[in-house]
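Labels run A, B, C, D, E and F following the written order; every chain starts at residue 1.
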Amino acid sequence: MQKFITKKVREMEVEDAVEGFFLLKNPSPKTTQNGKSLLSFKLADASGEIECVFWDYEGNLHETCNGKPAKIRGTVSEYNGKKQINVQQIRAAKEGDPVDLNSLVPAAPIDPKQAYTQMIDLIDTIQDPEYKNVCLEMLSRNREMICSMPAAKAVHHAFRYGLLMHTYFMMCHADHMARYYPFVDRDLLLTGTFCHDLAKAKEYTLSPVGMVTDYSVPGYLLGHLYMGASDIGNVCREIGVSEEKSLLLQHMLLSHHGKPEFGAAVPPKTAEAMLLSMIDDLDAKMETVREALEGQPNGMTESVWALGYKLYNHD
Amino acid sequence: MQKFITKKVREMEVEDAVEGFFLLKNPSPKTTQNGKSLLSFKLADASGEIECVFWDYEGNLHETCNGKPAKIRGTVSEYNGKKQINVQQIRAAKEGDPVDLNSLVPAAPIDPKQAYTQMIDLIDTIQDPEYKNVCLEMLSRNREMICSMPAAKAVHHAFRYGLLMHTYFMMCHADHMARYYPFVDRDLLLTGTFCHDLAKAKEYTLSPVGMVTDYSVPGYLLGHLYMGASDIGNVCREIGVSEEKSLLLQHMLLSHHGKPEFGAAVPPKTAEAMLLSMIDDLDAKMETVREALEGQPNGMTESVWALGYKLYNHD
Amino acid sequence: MQKFITKKVREMEVEDAVEGFFLLKNPSPKTTQNGKSLLSFKLADASGEIECVFWDYEGNLHETCNGKPAKIRGTVSEYNGKKQINVQQIRAAKEGDPVDLNSLVPAAPIDPKQAYTQMIDLIDTIQDPEYKNVCLEMLSRNREMICSMPAAKAVHHAFRYGLLMHTYFMMCHADHMARYYPFVDRDLLLTGTFCHDLAKAKEYTLSPVGMVTDYSVPGYLLGHLYMGASDIGNVCREIGVSEEKSLLLQHMLLSHHGKPEFGAAVPPKTAEAMLLSMIDDLDAKMETVREALEGQPNGMTESVWALGYKLYNHD
Amino acid sequence: MQKFITKKVREMEVEDAVEGFFLLKNPSPKTTQNGKSLLSFKLADASGEIECVFWDYEGNLHETCNGKPAKIRGTVSEYNGKKQINVQQIRAAKEGDPVDLNSLVPAAPIDPKQAYTQMIDLIDTIQDPEYKNVCLEMLSRNREMICSMPAAKAVHHAFRYGLLMHTYFMMCHADHMARYYPFVDRDLLLTGTFCHDLAKAKEYTLSPVGMVTDYSVPGYLLGHLYMGASDIGNVCREIGVSEEKSLLLQHMLLSHHGKPEFGAAVPPKTAEAMLLSMIDDLDAKMETVREALEGQPNGMTESVWALGYKLYNHD
Amino acid sequence: MQKFITKKVREMEVEDAVEGFFLLKNPSPKTTQNGKSLLSFKLADASGEIECVFWDYEGNLHETCNGKPAKIRGTVSEYNGKKQINVQQIRAAKEGDPVDLNSLVPAAPIDPKQAYTQMIDLIDTIQDPEYKNVCLEMLSRNREMICSMPAAKAVHHAFRYGLLMHTYFMMCHADHMARYYPFVDRDLLLTGTFCHDLAKAKEYTLSPVGMVTDYSVPGYLLGHLYMGASDIGNVCREIGVSEEKSLLLQHMLLSHHGKPEFGAAVPPKTAEAMLLSMIDDLDAKMETVREALEGQPNGMTESVWALGYKLYNHD
Amino acid sequence: MQKFITKKVREMEVEDAVEGFFLLKNPSPKTTQNGKSLLSFKLADASGEIECVFWDYEGNLHETCNGKPAKIRGTVSEYNGKKQINVQQIRAAKEGDPVDLNSLVPAAPIDPKQAYTQMIDLIDTIQDPEYKNVCLEMLSRNREMICSMPAAKAVHHAFRYGLLMHTYFMMCHADHMARYYPFVDRDLLLTGTFCHDLAKAKEYTLSPVGMVTDYSVPGYLLGHLYMGASDIGNVCREIGVSEEKSLLLQHMLLSHHGKPEFGAAVPPKTAEAMLLSMIDDLDAKMETVREALEGQPNGMTESVWALGYKLYNHD
């Protein structure tokens, strides 16, 4: 009897008999010119994706399963010079199935638990009780999302734990910078940094496994700067933070893109708002560079979309 | 006995004996080189302002009276080629004094009561009860301010009833345009137009007689687009307007400056938001033109600050 | 015997036997790999276009018939998953044929006769006899073109009666605005508005049925702003309009694109020129929005080329 | 008896007794604080200007003499640290007076007769009779102006013979360049170059001695690009030049500022139009440099307005 | 026996039996679906390129021969509607073979020997011995490259002798301009012009026959402005040129792109640097125009990449 | 006998008898209207400056003493409402005088010795011997300058130890960032950061006490980016650093202003160059903020030149 093995998509070879959990993409029933019915779809994991075909499929997988994990069994073949799986069995994943999201979608190159813990430790160093309460309240309202969602649809940090990685790195930078610029209110800076992108949870729609698929309608019409500032204003009112502190936090969120042409609703007008906008830009640019250089040979890369030119990779 | 007359500042002549209510500006006690004490200040009305001196003044008018109406009696003289009033009596205006603000500060060239009535009539034509309620609620919260405040510190509409004039004209334009572009939701357009600048009340600090003196701190850090959008979002929640309508209104307020480089937090993405941003710009530009041409002879004007060039005035 | 029916292109179904007048596009004689001769072409009407093939064609339709109406009879089939007509009869339309241009090319969503009449009525309200004469003279020189041609090659108003629709809407806006800004010379504004795009007739080359195909050489080298201003200057000289009025009209035409980067030869420097440039922009933008939203479901549209972003369509 | 000498303004010393013809600037009768009447004015020549006072003046020089030559006699003194002339005699210059304009206003550093002759010689090398006729006709209509007027109000070539110098240099450059780029139509290039700035005569108002004082109204509303293109179009029609050649010439004039943001009504789209715009810019820039460096010591200059930075002057 | 003829690629016809030297492009051994082995490659000369196939090839031409001349013999056939050569014999060119590079790669439309001679003659007119020595030293270090390499990868002068043509034309323009602007130091101008693009030899990587293939790593990271300025600084130090002259030359090279947004490291701040940047731009633009118009019919061209719009070609 | 005291300029009061060392500014001998001779000058220290007059001065202090320390003795009085010193004794400072530069010119708010030591410690952590040698060589060539000079003429860090403060803070940031972005070559980053502004020593001219007075001629014509890159290239050659490392360092210096419009000769194309440009900008902006907020009350500041708007200062 045939032995089915578990493999990453990128490592599959022709004639492999494979089984396992993958993300199901765009399942669509079709009919061939000679009348045979089939289900055509793709399977994906964090390593890549592969075309699949299920002949004489009579099950009920349809559009609503798109983007969700499914279990399959099949054989790798080649068609038109590209690999594909001839699937013999397929079913949607059920609760209790041993699905490992981290193998199915790309993830940040960090240890998410450690990053989370250290970020919480930094929040704990905030002296001002009002600012610390804002952080804790925002954390309790957004914990699940902070722990998993990407920070973007594309360009940089567009992977699982992306928002956590971005926020954690920026809080480390904020902590560092506050030592060199003592006129900066460290508590305010850490609070604004922690909260600056939390409204991204509302700005995007997410796939079943938590990848950003598009802007939500409120995200498209209002943007995460406005929504985040508005949220933090409401939280401050609800938990009794002073007007001045609420105002300073709202200003940081509204201005954190630095310039109107980059999306800032107002330019940063406090020391903390300016510093936030610069460490946000710095971390975004460096992650863009990391993604452009990763796995590349020495020499010039392809043109990097967010920069408009090629980078040079060296030892 | 000397006969004191009431005159506009611009019409005062040397040797006139004048009395009446004027705005008191920058009162400051001084001592001359030969030791005489005096109170130096300016008086202003809607027609202009004039230097004043009160010799041997021993009263208690000070900085806190700055910008408030006062009653004076004095004689017009000339000093260093400029007119000034030698004041003999001065006192701050009291409640009950027949002070006419319209003669003291410049006012819009409209009949404010008629404009207000017609604006309310336009609100009354809104069919959708939710949108109409938003207007009525915003009206009841801002009535006094809508009826009197300027729309700006300078450039255009920087006079009493300026906000009313600007809002009323724009609502007339909205009403007109809705007839030609039937895909526009007239109720939404009128509501967004009515509310678009109401947060200017918070954006500025006002003088005792209602002129804009500067940005307030929240106005400077957040801007009237964000504050207005946030206010209307809160009002919608409080009076039970649907999420979708609230979102469309917030979007209109956030985007009404048209482009990020003109201050829009997001670009206008609905038909109504685009139309609002264009009639706002049109009315602002035409009022700028009116103010630049008013009272000018035919020919080229001075360079108009908001345009960067001179206009040409013709019959 | 087979019954041939008349159908819009978009509504044709496989196996329909159709006949009627359509626009002939790109007729080209070909030979198949096994030596059969055929005529390949497209047929189009206002609803869309469809591929056609005429086997063993021996007639004389060629490139010079491109873009002209023709009468055909044939049967709808499917080839490579797309519909096509197997044509059995074809001939160019002749004078006297019952060709209805409005069914062949897309047309403005207005009643052109009514729009024309109301536009003439507005011209009739011009008090100044010189300005009115300019309108009437320009009308008599361009009547046919005003009554039918598109206002553009693409982006907006690129359909039959497009220039009429654009001009008529703008004259209504001019009429409205003149009431709110009494320092504007209404007669001058209406005259400039009526004439502002008339030189588009020279700027473009038109297809046999009046669609814009490309820039003409003078249009490409001089542009409709210069040509229109030059024409109106000549007309003023010929019919004895004063120098000042001619100058003001030429200025309006030269500046009606508002800014040099949008094609204005000079910036608008009179109240009327500024207002013209703004209502031109407003009507162009709103028509762009109408075309982008028309027939779309609620939600975000495709990115709109002239704006650079997606619109949001709502109830 | 005192000996009156003739001196340039810049060389006058305190106690000099001077006489001669100078330009009279802003004559205005005044009264001193102790009741003495006087005429206050400035006198200017090509070397500079000096304040003047005429005590107890009872003559009739007034505003209408402003900018015209006058003969004076007086003594140089010093007042408030600046030189001034105490004038004893003054009268407006009359016809027949030996007034030398070249000593009164700054002039181009060229021999104007020689430049004119060589420019005419270049026109004479044009082979195409139609283009040559355009030059000759434009020359006959503008000869006096070509021979004397400045090319600008400020920045560069703002002196007597400035237009001649600029046009002549550019025709020499056109003649040179045509040899290296044989696809350029030399006749067209020379014609367009000769005519490109002739409408400056209409664009500006001139002082009595031919200096540019301001934009004329047509100049301000239409600009010399449009007026020049329109003029050359009319001339072509009147003397029977072909449509194509007229079009190419109009295009060169409309586009000779190179880019819309520099005032071009259309971008240059022919080889000749591109070359014209570049040699125009080159000659303007080099003359700007000449004026900035002239008479300066080695080292950095003041910031040059048209460039926005300082030049470096070296041996 | 078959007669093989020599033909330009563009003139080859089906059934021609051809032989001769061509550039070999992308040779790659392949296997067909039915197992036949073949060598697939392109052959190119200055007139164009053509697909080739060599059946059952067993030789050793591989990637390292890419871009080098090779001798072939074969027959022209047609495949999928495009011409190709069925090659029967192929070998790499050897030393001593009568290979004519000028027929293999496109070349500047000049006589390179004459241009070189006249350029050297111009260098010989430099009076200042230090500047002349700089030219002679730079010439001796770069002679071979000056005599052959292109001036660019694309856009303009991207052909054999391109750098020579560009430099020679610019030196002629420099020589001409120095006569009209006598404050310009002609010796400095000629020297800077001669040297301005010499570092392009390091900025690019070249193919075996001298065409630009890409940026070199130093070229991409430093650019030819910096490298050229640095080289000339070193040369000046080595041959004992004064500090001031070295500085002026380095400044010209650093600034010759005119504006930072066009790549200038500093803006041109001397008369000579400004003139160099303008004649560089002029020659680049005119060559761009020449290439866009060459061989085109009258009328509008395709959009020209470097300009962003279409040119108009006329008689 | 009068007791002379030592005071900072800002703390001097009328009738104080003061003595001490101050900077002498613009000494100029004058004669009053009634013939008295005097020496007029200013004295300055780090706290401010004050006008001085020395009646009947017969010494030899002149322009060449400008900007140097001098010892004075005099009495503070008031003239025209401003304080001035009536000086009775003055002499230039001599070697051996107890002149404390730190009290005479403004200094960075750091402990310079400690900053220097810690910067050297960071250099010591560089692992790569070539990069470390570059740092040590550059240090030995520029030690004195690194230890004292300002980093700018104005805007930010324009005080004693400014370059040290800026470089030290940036090296701390580089050290921090290298931990979060492990694809960055920490040795290269630290080396480039240490060297990035060293050419400022050549870019500026310094006053006798080390303040920046203006650009030097090489600084104005070449800029510190080019000069620094060129210097480091030469050093690398001299001490035998590999081509690749030299290239990467030169690239970092050439690109450290980030964008061409901010003065970068090329955009940053390596991870290290991008990070350098961002921490340079961050430290410059934060120092600008510090200087704008220092000593200001809460509320809006004056408009900050480098930002173009007002900052908001809060607790």
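Structure notes:
Everything that follows uses one rule, which is that contacts are C-beta pairs under 8 Å (C-beta built on N, C-alpha and C of every residue); 3 or more make two chains touch, one makes a residue touch a chain.
Everything numeric in this text was worked out from a predicted model, so none of it was measured.
Contact with both subunit D and subunit E is made by C, F. Annotation: 45 Å between the Cα-based centres of subunit B and subunit C. As a whole-number value, the distance joining the C-alpha centres of subunit E and subunit F reads 47 Å. Rounded to whole angstrom units, the spacing between the C-alpha centres of subunit C and subunit F is 66. Shared interface positions of subunit D, i.e. residues touching 2 or more other chains, are given as 217, 220-221, 248, 251, 269-270, 310, 312. Every pair of chains that touch is listed here: A-B, A-C, A-E, A-F, B-C, B-D, B-F, C-D, C-E, D-E, D-F, E-F.
Subunit A meets subunit B in the complex at residues 217-218, 220-223, 225-226, 229-230, 233, 247-248, 250-251, 254, 260-261, 263, 265-266, 269-270. Those residues of subunit C that touch subunit A in the complex are listed here as 299-300, 310, 312. Taken together, the subunit C residues at the contact with subunit B in this complex read 169, 172-173, 176-177, 180-181, 183-185, 244, 248, 251, 267, 269-271, 274-275, 278-279, 281-282, 285-286, 289-290, 293-294, 307, 309-312, 314-315. Residue ranges of subunit E in contact with subunit A, taken from their complex: 215, 217, 220-221.
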